[in-house]
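Okay, got some structures for you below.
The two complexes that follow have subunit A in common; it is paired with subunit B in the first and with subunit C in the second.
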Partner chain A sequence: MSEPLSLSDTSEEEPATRGVRISSAASPARRRAFAEALAAWTLAGPAVFFLLVLFFLPVLGVFVIALTDWQFGARSLSFIGLANFRQVFADAVFRASLLNTVVYVLIVVPGTIILALLIALLIESGKSCRSFYRAVHFLPFMATLTAMAIAWEALLHPTIGLVNQALAGLGLPTANWLRDENTALPVLAVIGIWQNLGYAMVLFLAGLKGIPQDLYDAADVDGADLWLDRLRTVTLPMLGPVSMFVVIVVALRAFESFDTVKVLTQGGPGHASEVLLYTLYRESFEYLRTGYGAAVAVVFLAIVVTLTLVQVRVMDRKVHYQ
Partner chain B sequence: MGSAIFHGDVKVTAMASVLIDSIRKNYGTASVLRGVSLSIADGEFLTLLGPSGCGKSTLLRILAGLDVQDSGSLLIGGRAVDGLRPKRRGVAMVFQSYALYPHMTVASNVALPLRMRRLSVFQRFPLLGRLLPATARIAAEIDVEVTRTAKSLGIGHLLARKPGQLSGGQRQRVAVGRAMVRHPAVFLMDEPLSNLDAKLRVQMRAEIKELHQRLGGTFVYVTHDQAEAMTLSDRVAVMLDGELLQVAPPQDIYADPDDRRVAEFIGSPKINMLEGVVRERGLIDVAGATITIEADARAGAHLTLGIRPEAFHLADHGGQGILTGFVRMIEHMGSDLFVHLDLAGIDHPLIARLLAERAPHIAPGQTLHVGVRPDRVLLFARDGRRLRRQAESGRASVTPIRESA
Partner chain C sequence: MSASTSTNRLSPPAAILRHAVLLATGALILVPFVWMASLSLKPPGEIFRASFSFWPAQFYGVENYTKALTEVPLPRYMGNGLVVCVLILGVQILVCAPCAYALAKLHFLGRDLLFGLVLVGLLLPHQVLSLPLFILGYQLGILNTYAALVFPYVVSPFGIFLFRQFFKTIPDDVVHAARLDGLSEIAIVWKIMVPMALPAVIAFSIFSVVSHWNDLFWPLIAVRDQSLMPPPLGIMAFKNEEAGNDYGPLMAASTLVVLPLLIAFLAAQKWFVEGLTGGAVK
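The block that comes next holds the complex of A and B.
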């Protein structure tokens, strides 16, 4: 605080000494600021470095490659502008893949949320074997999906699979689940629900535990004591923040589904179960059209980021009651 | 016991007495309520006072129907309510945490009890319910009542806000509004002020008292704060370890306690408890002095003398009935002094509350003589029971139950 004072004191008489004074007064402060900045960069440095090298540069790389006609392993490439993107949107396979992905997400997200919430409510309302039910429903999430997919393949086998045998035993029609274009995608979605269910359920259980008993008591006294009224007055609203998190995470996981498609259907029959990530994989690593694959990746990224942002913006206002 | 009637702004609430008959409650092996019986009159403000864990909140929850007693019965307005759901008991409750629904506006919070009562399941159904006949009319009526209630509590301007945007005092008012909007016969309040800061607590205390006078309903109020109990109540029920020790008006609880534990729980600073021995009829040896007190005990009996700090007065010199000790510490409280005295044969200091203007020159270390009027000494038997002298036993209430028809 003394600097401005000394400035005005000296400015009229001795302009020459002014600079000296300032630097002598300011240098400890400047040195301190420099030390602080140094410490900050030293501490943040490793994280920033790895973030750059492992995340931002590759993303940037993808953006650049998407503008080229590069093929994996090729020695030369040329920039072709937005030609890849034009091709992506004109491609029937991509459009089918996009539609399949949307359908898949629209089945998996509501299916997972509703079932997980129901199971969480059932587990929470009962007294016995809670941890058993929790563990049983959580197991699929912990298991390696590729291995589990093989188990599903066995279950769904058209002739010796347990599903068809059970259906036949009950006198119900059977199907070649993974080879029929009408059933392949829904069956994959059911497996997706099965896999995400436990995760969503555990989150809902944690959310249920966090609801103050007082609110249920108040609802009782206020007359909202029927199951549905309690659910609408207390349980669902209080699960809002958890639900928002679950919806976003499950939606992201559904968008990124790949393993089951790769192992069980390879996108078939035809392109009936082709999803975005599988298209991306096939274009890039089977057909080696890396530039085109990168364009698909950019579109995929844009869709996922946009959807997530929209979800966060829309839901955040509705679930945090401030 | 009819429903609420309106006279302009004056609300006449259906009133109800409450009869609690030998309620017992155990949690596992822990006995929380050991046969509590209590009768609360129409329109009475009764406070359940006790330290945490004494069972007062459990009793309130049983009254509300949120917990179920193991045995005993409850009557509200002459009607047995055991086994009835909370909403059928005609009670409203204000919770310590306020328990407001955070996703609803103040208006919706206050309206909820009315919506639940007056609208059918179908009329409450989202979207479709609005299309049913009468829904709009009933909803409009509810709106009017909610607005009137909110205005009477000074929260009319907050109706569109959510609880998260309100201060502690405002939330408290919303909780009270939600309770009073449907004119319950009995208000149950579970430590409603304990989440407020000290200043606001005193203000809200006055408002609750005023609310009781305005509404005229029966209030059952749970607190561990003796100041709240003393200022608000028509009668205070002191609870300890799942039992009612005494039920009496605040002044009796303070001046005429039935039990040593009541005397020790009420009053700040705490009542002085001195061990004494009856020398002969009318004389008790205590702390190196002999006091003239008519005690209904034989010579040689051990008694406890309870003396409130303000029952002492300064004496010029020692003598019969005068206690003498060294001043250990002095607390200045403005108009009063709290003088801590070390007495011979007593391990904890005696606290005397003296008028500051009467005791100007007291300093730590000096010898002080204090006298006490015999009629201000409370005598307790070794088991903690109050020993009343002949003269006062006539007016004293011996049982903690006030019978009301």
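The block that comes next holds the complex of A and C.
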């Protein structure tokens, strides 16, 4: 009897031995797992630290500051609940800024998408000079926008600018593009289209490459001989998901435009070309209305996060990360 | 693939039309670049005597570029841009690659949480963080230094994400073999993973350098001294000082600021397109 029982009995008779035996059975694996976890956290440590300090604490910070009346440099602050947000939405300048931003995005997104799609289709429809055309149209996307804004200002100069000279030469009316409240925002939007066009084009080109040849062959069998027929029956439907994605990416970039406004119009004339990010910058760092600026940042964040989440949903239907 | 059949079917008139349209749109795209370069070669008199000619009647390029390089600390701005871009990129790779390796190849408690943090970080627009980062910089007493220009970017969620995706494609056997050879985990990161992930490193480097060379928003907040300004901020200061009356040198300065990336882009077009759009495609 004692022999079969010995296993359970050992725990009473020799607890130490049993403990050793079990741990020695589990130990190499567990020790390896522990060592791996330790190595992993050591390797990731600096990144984790900086992610927390430079991304997550600041985001929390923005929300907290938005609830206070703090002004940068002030020694005291008090929590005022949502008063900053009420003030933000009651402020005519902020509302103008929000509206301008929406108008700007609504010009830039369709303008960019339609032109980029046309150019991508044209490039992809032939074989010659592809990379040349791609390079030329992509150029503005990586050129320093601040410097290019200065070049645009010269182009748009009321008397010596090429745009007005050309218009006058054609007998068309000219304008003081950046100083007229009717034209300032649309002109900035045109610069936005000029800058983002190449980016959207490259995304469309990638999408076009992904369309299986079989579909074109099938369309041929079905009698879709003309380029236009194939475009309508195969290309455009297959580009649907990519297009949705490009729309959101371009919209995000348009929402975040700042450089051209800062360099060319400072939000003017009046507040005709003031956009969200410029309002955020001016309130936070020029007027030092810190609490108010933080509230603007929260609104901005809400818009960007919403758009990004829509994008993630669109992507999830197509792509799965490992 | 689709293109090959399309090409076969593209009739000569259609092919000509294709080139005509693309040359026209391409020319329109290039107008600001051409105009900028053209003005940078013209004397003031010619600039203000409106004309269409691209090439100056009187070549004034030497004067304009000399003025841009001497009367404005443009070399200093460009140097600052270079220093800041190199520092940021170096630290980013140093911080991101080990973390990406841990996420891609190691099993540990909290890995999914950490990856979640990275994805959320990816989603946050940097401008929203600028106010707290400004306060942090102020508390640390580093505003108006190189450190102020660099510190918000020492970790890049995009970098971690990109490296992780690439590291995952490297077979586990490679890692096991390296361990059997006695390499430590950190040695595996730098001696095995990063060299094997060179395409990802190059793509990320281009993305990082282009973004920070071109960035205006954060430098505007972080530094005041002219001697610390990166190119976009410096050139904006130049424009404001000159009040738009000294177009030639201003255009020369703009051209010089755009030129380094432009040349790099033309030399390595494929890499640039991949680096700058990879984040979106992946």
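Criterion: the second predicted complex is superposed on the first by the 255 of 322 C-alpha atoms of A that agree within 3 Å, B and C clash if a C-alpha of one lies under 4 Å from a C-alpha of the other, contacts with A are read in each partner's own complex, and residues count from 1 in each chain.
Heads up, the rule we're going with is that a contact is a pair of C-beta atoms (placed from the backbone, for glycine too) under 8 Å apart; a residue touches a chain by one contact, two chains touch by 3 or more.
The structure displayed is predicted, hence computed values, not measured ones.
Engineer: Per the contact definition in the header, classify A:V221: touching subunit B only (first), subunit C only (second), both, or neither.
Structural biologist: Only subunit B is touched by A:V221; subunit C is not.
Engineer: A:L106 in the overlay: touching subunit B, subunit C, both, or neither? Say first, second, both or neither.
Structural biologist: Neither partner.
Engineer: Look at A:P237 in the shared chain and tell me whether it touches subunit B only, subunit C only, both, or neither; answer first, second, both or neither.
Structural biologist: In the superposition, A:P237 contacts subunit B only.
Engineer: In the superposed arrangement, which partner chain does A:D229 touch: subunit B (first), subunit C (second), both, or neither?
Structural biologist: Touch status of A:D229: first partner only.
Engineer: Determine, under the contact definition given at the top, whether A:A74 touches first (subunit B), second (subunit C), both, or neither.
Structural biologist: A:A74 sits against neither subunit B nor subunit C.
Engineer: Quick one: name whichever of subunit B and subunit C touches more residues of subunit A.
Structural biologist: C
Engineer: According to the stated criteria, A:V314 is in contact with first (subunit B), second (subunit C), both, or neither; which is it?
Structural biologist: neither
Engineer: Looking at subunit A, which of its residues have contacts with both subunit B and subunit C?
Structural biologist: Residues 212, 321-322 of subunit A touch both subunit B and subunit C.
Engineer: Quick check: in the complex, which residue numbers of subunit B touch subunit A?
Structural biologist: 61, 64-66, 85-87, 91-93, 95-97, 99-104, 112-113, 116-117, 121, 124, 162-165, 178
Engineer: Can you list the subunit A residues touching subunit B in their complex?
Structural biologist: So the residues of subunit A in touch with subunit B come to 212, 214-215, 217-218, 220-226, 228-229, 233-234, 237-238, 240, 321-322.
Engineer: Taking the touch rule as given, give the residues of subunit C at its contact with subunit A in the complex, in rising order.
Structural biologist: 1-7, 9-10, 14-15, 18-19, 21-22, 25-26, 29-33, 35-36, 39, 47-48, 50-52, 94-96, 98-99, 101-103, 106-111, 114, 117-118, 120-121, 123-125, 127-136, 151-152, 154-155, 157, 160, 165, 168, 185-186, 189, 210, 213-214, 216-217, 220-221, 231-233, 235-236, 239, 244, 247, 250-251, 253-255, 257-258, 261-262, 265-266, 269-270, 272-273, 276-277, 280-281
Engineer: Going by the contact rule at the top, pick out the subunit A residues touching subunit C in the complex.
Structural biologist: 33, 36-37, 39-44, 46-48, 50-51, 53-59, 61-62, 65, 72, 115, 119, 122-129, 131, 133-148, 150-155, 159-160, 162, 165-166, 194, 197-199, 202-203, 206, 208-209, 211-213, 216, 227, 230, 235, 245, 249, 256, 258-259, 262-263, 277, 280-281, 284-285, 290, 293-294, 297-298, 300-301, 304-305, 308-309, 321-322
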